[in-house]
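Letters are used for the chains, namely A, B, C and D, taken in the order the chains are written, and counting of residues starts over at 1 for each.
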Amino acid sequence: MTDTKCIAMLLAGGQGSRLKKLTKDNAKPGVMFGGKYRIIDFSLSNCFHSDIFTIGVLIQYKPLILGRYIGNGSSWALDKIDQGIYILPPYADKEGERWYRGTAHAVYQNIEFIDMYDPEYVLVLSGDHIYKMDYSEMLDYAEEKDADLTVSVMEVDWKDASRFGIMNVDEDNKIIEFEEKPDDPKNNMASMGIYIFRWKTLRDALLRDEKKEDSVHDFGKNIIPMMLEENRNVYAFPFEGYWRDVGTIESYYEANMDLLREREDFDLYSKKMRVYSNNINSQPHYVGLYASINNSLICDGCMIEGTVNNSILSYDVKIGKNAIVKDSIIFSNAEIEDGAVVEKTIIGENMRIKKNKRIGNMDSDEITVVG
Amino acid sequence: MTDTKCIAMLLAGGQGSRLKKLTKDNAKPGVMFGGKYRIIDFSLSNCFHSDIFTIGVLIQYKPLILGRYIGNGSSWALDKIDQGIYILPPYADKEGERWYRGTAHAVYQNIEFIDMYDPEYVLVLSGDHIYKMDYSEMLDYAEEKDADLTVSVMEVDWKDASRFGIMNVDEDNKIIEFEEKPDDPKNNMASMGIYIFRWKTLRDALLRDEKKEDSVHDFGKNIIPMMLEENRNVYAFPFEGYWRDVGTIESYYEANMDLLREREDFDLYSKKMRVYSNNINSQPHYVGLYASINNSLICDGCMIEGTVNNSILSYDVKIGKNAIVKDSIIFSNAEIEDGAVVEKTIIGENMRIKKNKRIGNMDSDEITVVG
Amino acid sequence: MKKIAGIIINCPNQNNLEAMTSHRSIHTVPFGGKYRLIDFPLSNFVNSGIRKIGVIGSYKYRSLTDHLGSGEDWNLSSKSNDLSILHGGKNKKIGEITRISIQDFIDNKAFFRKIAETTEHILLSNCNSIANMDVEGIFDFYLEKKADVVMVYKPNYTSDDLYKGVALEVERNGEIIKILNNSNENMDHFNLYAGMMFIKSTLLEDIMEDAEESGELDLIDVLQSNLDRLNVYGYQMEGYLKIVNSLKSYFDASMYLLDPEIQKELFYSKRKIYTKTKDNHPTKYNEKSKVKNSIIASGAHINGTVENSIVFREATIAEGVVIRNSVIMQNCTIEKNTEIVNCILDKYVKVTEGKVLKGTEDKPLLIKKDSVI
Amino acid sequence: MKKIAGIIINCPNQNNLEAMTSHRSIHTVPFGGKYRLIDFPLSNFVNSGIRKIGVIGSYKYRSLTDHLGSGEDWNLSSKSNDLSILHGGKNKKIGEITRISIQDFIDNKAFFRKIAETTEHILLSNCNSIANMDVEGIFDFYLEKKADVVMVYKPNYTSDDLYKGVALEVERNGEIIKILNNSNENMDHFNLYAGMMFIKSTLLEDIMEDAEESGELDLIDVLQSNLDRLNVYGYQMEGYLKIVNSLKSYFDASMYLLDPEIQKELFYSKRKIYTKTKDNHPTKYNEKSKVKNSIIASGAHINGTVENSIVFREATIAEGVVIRNSVIMQNCTIEKNTEIVNCILDKYVKVTEGKVLKGTEDKPLLIKKDSVI
């Protein structure tokens, strides 16, 4: 095929402990989302739609489910000859064995992989973001600006700004200062954790960073500050649209509920940049004689005899007679037995809520998690 | 699909340092063999032909080339729904990070993977053997004998017996004693390193072995002796046919040369249990006006202007005018320039032998390796 | 099941499905919310471990090649050439009922040559039998009887529509002593040939050779006239069977799917029915949706009332719509305040605001693909 | 190249390849040791990043579906429906030379609807042009000229066989002012239409609509009669081109492959020619083999003498055989002490011991598939 201009490295590493039981046996990008999806579907589908066909997935925490889910990459039309999705675990070589010690270190350990493609640019992604984005526009922008590094940024509420990495830019969007979670932010342009590096520059930076004893080998904490210090061409790429980091139970829950709100800025239903996923072969869902379903998303294989309201049901969920599910997210193959009531709750895969049991509470501020 | 009766765990872990330069950047099962193949092709093709469609590949040393080569498993028709080839690297979980510390420990670390399929039997394979074998016959045998463990054995020359693990059996082929590399072997039935365990028994043995402080967590050194000690049903399955361990340069070279000898016991050319591999798309090879090729194997993409005798050429090899290649193995994309002479040599991928250079010597006992 | 090759035949009398088969062969008639008819026999093959499969197509092959691809959604591998789409449909029409054209086999000698080395038995199946078959059980019976041919039948079938099918007279020991064309006989209860048979591959080859000389091209006829010299047995199937070969039988088969028992047998079995997977979003119900006793596929938008119906992928049902006893296929758009009763809407039908469409249970109304009403 | 869809047409005049196209459509005529003719246009499409591709088949579709599968060997994805095999070949024969049937487009409206949203330009290609084309260069030219149509041509073509093709009169600025049927004109040197053109998709849709009314079904004719009102440009290609549409041109094109320059251009380019991969072992040469100036595919066994020839996959050449200036296709078996000169042996031909087969350079001898000589 034509030369590989840009490949993606997807950071799927961390334990994601703030997602509690949802990441008990699963890496964060492998957690279910929106019924039929898993979080990683969004980044991978974006890659396909952006003509980025080579993706290294850097993972060391509980890779089993995610690895099986990604499989051959064909779910995202990424099963190409010599291109596709490659799981890149920690490995041993003649020098010994090393775990990934930081986001930058994980990429450092895979320089050999990237060199095989010898791309002009490397796109660094996180595996826990929900959004639709055409990276090829960002790549065009990076080329136009002749940038060593391009950071995707978006406006956030001023009140939230201090929770983000904030980019201070000049009138040309060149980044002149980067503040990680500033107490007193100078603006509200937050980094989305999406970077396009010129590979030559990044490769060099990684090699030098690796030797620094005081570095934690993190893109945000070490690599970006180093590049700014060295007066590299670092630009902000302003993104408009829906974007969520779903690293906590609350943000994860809210992003799911956004799907039921039919927001114009995040259209899951349109065929444009359709989100692909590893489709399960299950029969169409069946809605029984006494069922009632409103404002909800229902996947294949469900059998619904009770009431479902303002909720998301993944594959093969059973809702018994007189059971009530409200404001909840039910993962695949779970069963809510007759008469049980589930409110404002996330129910994990294969869970079973016994007859007439009550879980969660509409009026609570807390989201219950069963898993 | 029907229940998974047996899954395979393929041990691809070790560094394979006795293969010297051939494993510099590559795990042993990933080394090229017979021109178009890699060593692992033989085990994987055997699995397909034996109706074993779920294979875990346990690897921690330099997994990049092998991982990319295996890809989605479609090369061995193993790209099934919920089945196929899964690369299983070391990983981190809540308890921490652990490398594979022995063959048994590697399987122990992946109990969760095996439990997902909950098979009746687990076939344990090595990734560095060259042979054609229908494992389903061994599986039938294991069922018939109601064996907890079945070890595939073959007759070796008495003089070689002390280099193998030797199985002493009763008249029913039940193993009563196992001697690792005995000085004074009682018979010549050697273990081929192919085991079928009853999963329930193995699972239990792995859990107990893991706790033993003096164990090195190895199948041959710990698990099998433990099972014999506990009077489990351990049987020998006698195999007849071609089988080679290619763990040293000498044995690797000889097994390659066996292909040119057209041995009846190892027919690479028949369609029966055909050896599959990840086929490269390269044009048919071209034989020039002054070329001469005898008793050799030539792959697609080669361009031959010189003399090739008793040799194996992998993909896209160039042999210049008046160059002579004898008794040698040339890996893909290597070039032997005009007038160069290569004898009894293994030439690694992408190597270039300059004009009129001489490498190797027909009369030497040594096999030269360039890589 | 390594020595079995499966062949799905091209049912020559497909025209009874009216406009549903004007642009597609009967194999790919949409059914049950997300399936095509061929998914049932193909899944039956795959679930029993058969990995050499030929599908006899017709000159209307586009929807078939599009649906099947290399068979990966049925767990078939392109590497090992598991699935072949074969020439078909050049034969003339043979009578009224579903029969088996030997000409279609003769036209695909290359396929038979390819499978010859590894195949001893051939499993033939119609493409329009809705059933979740225990093929392994049938094969065991076939081996046990040392039969040349085993024909699967549904005992005591009551024909509930115009279709009469092939009837079998079966002895107590399972031997078939007569094969009848029931459109002539008009029996009320009979043993219906279920559209699936095992046959020795050498026997089928002999029959092909003879047919080229004799011109006798209906396999059912050939079997009937050779019952005395061949071991032909009947295997009595259990469970649900429906052969879809008329509009009425299509409609009935669709409505039967709403029966929880039949649903359970077809879809909740260990033997799954596979089909081409698609990237639809989950079905979205809005605040006003009222759905009862219906099967709804993914990717749909349901904002109205749906009762006793089948709704396919990516159908859109607007507010104020009432749909009863109907089949709404993929990508249909039903605009506001319409009423649809006892209808079959083929793919991409658009029903504009306020329209009323009504058929009857006995004569459902079929709306052609791409129509705007 | 996201807004381009590629269509490989079904060349209506395929019968000039005699027995080679009696069981297969021209797309799948084997060529060059391991390829089929369609591999060249299909690879040209894929190498330029086109990912919506339709291949117009014929009623002889088995070898085509078998060869293409879901397109995975061409790096096409079944998930994103990159490759569709379309209806084709129902149109009547239009004259003698390769032309483009509008009826084939009309019969596949469903495909055009599917691609409509994302497609602005259509790339049409013959299935029998042997070339490694720089499609991106052609597209840049098409954009730069703001053309409605760009037809690729080979300048100053000297017809070296019976085939004359479509000739173009091109102005200095690239505009095409006349399209000629060169079988009538008998020119010695001319600009040969290379069988590839870009056309605006809206224009093609208009032409399809008009054709349904007017019955004018040859796209070349339609373009010729509208040259005044359309921007039709010619793009002068460089490098090697051979259109295969007769036994002689097939034979010549095969022999040209032995020219290192042509080989280099077709196969050693960054733009690879893809084909269906197979699990053949490396080719085995024995002690007695003598091979000169030949192309040999994998899986063959070479024990005799082969000169100036093309040997396909899994052919077996016994000891004492002499093969010169010939094409030996897949799975041929050449027994001891035979001599084969200026021949084309189709697949699975068996030449028994001691036979001699000779054609001439001008009239190569074609042996039909499956023959035993």
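As a working rule, contacts are C-beta pairs under 8 Å (C-beta built on N, C-alpha and C of every residue); 3 or more make two chains touch, one makes a residue touch a chain.
Bear in mind that the values here come from a model prediction, so they are computed numbers and not experimental data.
Using the average of C-alpha coordinates as each chain's centre, C ends up farthest from chain B. Two chain pairs are in question, B-D and B-C; the one with more C-beta pairs in contact is B-D. Chain C and chain D have Cα centroids lying 38 Å from one another. A straight line joining the Cα centres of chain A and chain B is 38 Å long.
Mean C-alpha position of chain B lies 45 Å from that of chain C.
Residues of chain A in contact with two or more other chains: 74, 79, 81, 276, 281. Residue positions of chain D touching 2 or more other chains, listed in rising order: 72-73, 78-79, 279. In the complex of the two chains, the chain B residues touching chain A come out as 15, 25, 60-64, 67-68, 71-74, 79, 81, 84, 86-94, 97, 99, 112-113, 116, 281.
Against chain D, the residues of chain A that register as touching in their complex are 1-2, 48, 51, 74-81, 271, 276.
Listing the residues of chain C that touch chain A in their complex gives 32-34, 72-73, 260, 263, 266-267, 272-275, 277-279, 281-298, 301-302, 306, 310-311. Those residues of chain B whose C-beta lies close enough to touch chain D in the complex are 34-36, 74, 268-269, 274-277, 279-281, 283-300, 312-313. By the touch criterion stated above, chain D contacts chain A in their complex at residues 2, 46-47, 49, 72-73, 75, 77-80, 82, 117.
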